[in-house]
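Two complexes are shown next, each including chain A; its partner changes from chain B in the first to chain C in the second.
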Partner chain A sequence: MPDDLREGRIVIVGASLAGLRAAETLREEGFTGSLTVIGDEPHPPYDRPPLSKQVLLGRMAADAAALPMRRDPDAEWRLGVRATGLDPVGKQVLLADGESVTYDRLLIATGTRARPWRNADEAALDGVFTLRTRDDAGRLTERLAAGPRRVLVIGGGFTGSEIASACRERGIEVTLAERGPGPLVGALGGTLSMLAAGLQRAHGVDLRCGVTVTALRGNGRFTGADLSDGSRIDADVCVVAMGAVRNTEWLAEAGLAAGPRGVACDAGCRAFNMYGIVTDDVFVAGDAARFPHPLFEYQMLSLEHWGNAVTQAEVAAHNMVSPEPARRPHLAVPVFWSSQFGLNIKSVGVPTFSDQVVIAQGSLDERRLVAVYGYRGRITAAVTVNMAKWLEYYQGLIETAAPFPPGPGAADGRPLVAAFPIPSNVPDPKGLFHGPTVALTGYLPDRRLTVVRPAD
Partner chain B sequence: MQIVVDLTRCQGYAQCVFLAPEVFELHGEEALLYNPAVPDDQLDRVRQAAAACPVQAILLGEEVSAGAR
Partner chain C sequence: MAIDTLLERINDYANRPDPYPLYAELREAGVARQTDGSYLIGAYHDIMALLHDPRISADRRNLAAPYRGLPQEEEQISLIVLDDPEHHRLRSLAMRPFGPPHSPGRLDAMRDEIAQIAEELIEAFDGRARIDIVDDFAYPLPVSVICRLLGVPREDEPVFREWSATIIDSADIKPGADPTERRRVGGRARVEMGRYLVDLAEQRRGHPRDDMLSAFVNEPDPAGLLTREELAATAVLLLIAGHETTVNLITNGVLTLLRHPGQLERLRREPELLPNAVEELLRYEPPVHMRQRTPLANIDVAGTTVPKGVPLVLMLASGNRDPNRFRDPERFDPTRPDNQHLGFGSGIHLCYGGPLARIEAQIALAALIPRLGTTTLVQDPPPYRRSAMLRGPRHLPIEL
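Entry: the complex of A and B
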């Protein structure tokens, strides 16, 4: 009964991008009941991508990135309080301050946090940072402004690379250590990783690949790190950029299919319980979600993408107030962007779901190109470097499962630059310091410990 | 007032940069950087930029005020 679904009590846990957009959409879709948004950060929702870009560059303050509302969702904001548990039978969210909030329908939007350095004593050294929140960004920027001699970045994923880029732009010496064969390799595979490595070195980054950091050194204050090749890096700032951890611990007793890869849900954002049965009243969206995608053989995807947080939150909110026949699937093709070393890198689809790659337009030398990824003869992803206008075209090819490699001159009448597709060389994430921002996490919704199926 | 640009949609057309250069800037050929906190004296320009953006990627609005209901 649609009237009923537009009434009642909805609770959203996680007051960030997905939580805010869901709250607005609930009202847009006619929800008139009570709405509570619970967030453990003391701040109203703010935007994270500028933190590793404009903020580190010193062009804006870390606390200036509040997200604008599309409309006022007329919600009760319970900020600065953590949800510590979920009682699915009594339909209550338990809070750290001892209170609890009752819901008829719940949206989980607790996202991710930065993976901490594995040794807690070393992580506590003054000068060792992670970057996820605006407070992290504020502290790190302050340290960069003080003019450190050298910054050590651990992890060559998008965040680590953006941090290295900001340091170089500020004239700060930087060493980037990555356990895998190159930066961005976990997200984009071997070919574009070569471009990223060349770019970093050309900008003066001391790039060390194929090494692990064995220890952080310092006596109260961070002074340097030991690498597995026997070398030592002297630095006064260390940024641990080793990927993200899903905030799902608070759901440990909730009986949901929630684990390190996120909370599994169906294409309509309804969470699965631990038996793989879909729930009626618990939904999930954003970085915390793990969902099946038909374009990628219905494998469960975990994304750390801004655009996904928005579209998935909108679908979840729509479905929370819509009767079954009117519910919508979340089928958006994943899109991601990053800017670093003056380049605009965008990706559509899932580059790690590939066995081959071809440079379809532009070239590595020009640092302007479109790389198209294929899996078993169909196009599954494209990455543009300073050619963002082409993204939509390739998105269409992915959505229609167009054959790979794309026909010569598919896009603009120019011949394919690299006529022969080469292996896309997507490594097993286990061997990397950074994770891919799109992770294929297998097929089973209720697997708490997932095995990442290599792309071939 | 605050803005956020949906950079998954932005195609770097730079109309916003021409209309409100104090708020939007291109970093390199097409990476857009902007200041999310819009100063009052830039509001009109930012409104024009939001209207002119060919992919409607710029959202302007109030932030959630703490303690709001």
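Entry: the complex of A and C
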């Protein structure tokens, strides 16, 4: 490694999972220069998945979720101070306290925040929460422990569903309002959404689909909400779980290709500037990044997944201290998981990148199944419900662009179901020309190569 | 020699002390079709992929007719040779009194007892110049532990020892041989052993003690109850698997450490390395060398089509020495990082008793290592047990 890459000043903006893993990797890769990590929360890096699960159930304190460090990254931690701007010419990160930090190479890992309720006055009512940070989780848990009569959850995505699950497990009445036709439909499509809806109702969730919340009511304290179907919900806690907003506003003047969908970067995690020219010294990783993925027809993906934050941060850190020929692409197949209503749901690939779905193993009735998603005749995703041990097999099929539907022969498969794929009922990705298929090969990260097969 | 006789050569008792050159030959070949129609797989990544492939069945009834043998009159089928969803249901029920989520603290609570059993066995070494690691330590230790855990009287060991040996022999992977007669003899032993264990369990119905047989018959949730046949098959499996494999792990461990005195000395100085050393033993000298499966469809393995219904033999011990997965695989390295070995298999049939085997081996070696200061092997290689699948020394005499 040339000395100029091993030394110098690296600044990481964002002190959560991606920021920490990048810092560790930089040291593992032999970076000996100065390293600064900036985070707007006052806490050292912590893990978010337990916040909507064990923490809400009271099985784990909100402040007990610190991320274990693989090694001391020997960094200067600037915690509790927000980055407010970036000067790419002067190579400085501007901070909310008026100071600035100079860098030679920069990693943007500012992630996302919870999308706030649109009406600020209503959002300010006592009893209205979002759930993203450990402070959020601590406050919400306290309120759940006080035994509210009813909780209203707005949004039936993964976070909203997990919150509803935790409420039911604590014996709290809960209403979940979802704008779409069913919970999880945006992430998993229609078939598994039906399973999720049935499950929520079986667990006593008052599930309202196809409705929006038009107003939050209360006088200082939240007391209920009006729904678009004219009904009214009386509740004393409201959790707004309407997805996330990417933290890119601080980059508005930086001249980068940054916007509400994230910071665009190449497969090597280098940020694009506003003209689409790749930068040399600004890298992006984690939820804030938008990157092209060859398995999904080079569409720009932005992922809010734990696993993606880790692998992308590792690739970004490696590339920050490696000369060009040694740089690696971030080609990891997206993986995420959720636990709710006694189910363990795991996904590999991109289920929304699909036009059809089959149940390849298990069944909806057993609540144990593998759903395989296909797009134009090849496998693009698989979701397991209580059958996570099979995930690896389907990951292999996704990586090799195996034909969809998968062949018969699964020991616990239902041949009749597998023979009749049904529409996956996720919004069809925008029309694309018939391009090449791409397969990932190799077992080690540094041996991952793309093999482009010309279209038939 | 021809690659299509490799399984025969692996089974040849003369190769028991060192089958590893044969495994290297197998990895070189990729996929090896045998003259009897079975297929051997020896590369780590191929084995791993097959263990996670839903088209691979553990149920021998899916073998094509020529490999299946004749149907048996009374056949006891345990979860280890069943596919999901039956396998999942039985394994979940068997797990209730053994591990998480229903019994998370069960094994940890046994640590002191296991250590005490180990100490008692070691105390009996006093005054003796020569002992047999197998008969004096590595066999009685896991037998005592599994008896205690299941609730089988320890003094009944001579009773079940013979059944166990017969069943192990009948389950061995032997090329070419017609399995009918072996399966008949093994099946009879299973039925007898199952009856014995169900009788023991029935005595505890309504009078539960702190053991797994009691838990199985006194389960309050009707959905959590095993049928009589399922209980027999599960109890037989747990009793046999609970000791026949761990004896190999402990014995192979002692043998390997005595062959690597530098590493033995290091573990004496740094006992905190022991958990990692046990993982390395599971890679380097695993107790179970191979498992047999059946493809339910024609499947592609490393460019070869393996036909539906043939016996597919996964050489776990070969995958453990695959240089494409492990750096310097022929080296025994108790500090080896990233050691995701195949010692307990992988996928849905991942060893049920693995957590117990780990604890037993760690405690057994921790207790034994301080006593191995000036020990020498009387015989190297030692005499081995017959089985190539459950490979380990029959005796391991050492001079203290």
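Rule of thumb we're sticking to: the second predicted complex is superposed on the first by the 416 of 456 C-alpha atoms of A that agree within 3 Å, B and C clash if a C-alpha of one lies under 4 Å from a C-alpha of the other, contacts with A are read in each partner's own complex, and residues count from 1 in each chain.
In this section, a residue touches a chain if its C-beta (ideal position, glycine included) is under 8 Å from a C-beta of that chain, and two chains touch if they have at least 3 such contacts.
Predicted model only: the values in this text are computed from it and were never measured.
Legend: residue contacts after superposition of the two complexes on their common chain; A:A360 is shown touching chain C, with no touch to chain B.
When the shared chain is aligned, chain B comes close enough to touch A:A66, but chain C does not. Look at A:G377: by the touch rule set out above, it reaches neither chain B nor chain C. Within the superposed three-chain model, A:Y393 lies in touch with chain C and out of touch with chain B [touch as defined at top].
By the document's definition of touching, neither partner reaches A:P260: not chain B, not chain C.
Judged by the touch definition given at the top, the superposed model places A:Q54 against chain B, while chain C stays out of reach. Contacts of A:P323 after superposition on the shared chain: neither chain B nor chain C is touched.
In the superposed model, B is the one of chain B and chain C that contacts more residues of chain A. When the shared chain is aligned, no partner comes close enough to touch A:P294: not chain B, not chain C. Residue overlap on chain A between the chain B contacts of one complex and the chain C contacts of the other covers 368, 389. Considering their complex, residues 20, 43-45, 47, 49-50, 53-54, 57, 59-61, 64-72, 74-77, 79, 305-307, 310, 335-337, 339, 342-344, 346, 368, 386, 388-389, 391 of chain A touch chain B. Remark: chain B residues 1-4, 6-12, 27-37, 59-69 touch chain A in the complex. Those residues of chain C that touch chain A in the shared complex are 45, 48-49, 52-59, 83-85, 88, 295-297, 299, 308, 324, 347-348, 350.
Residue ranges on chain A touching chain C, taken from their complex, read 360-362, 366, 368, 370, 387, 389-390, 392-393, 396, 407-413, 443.
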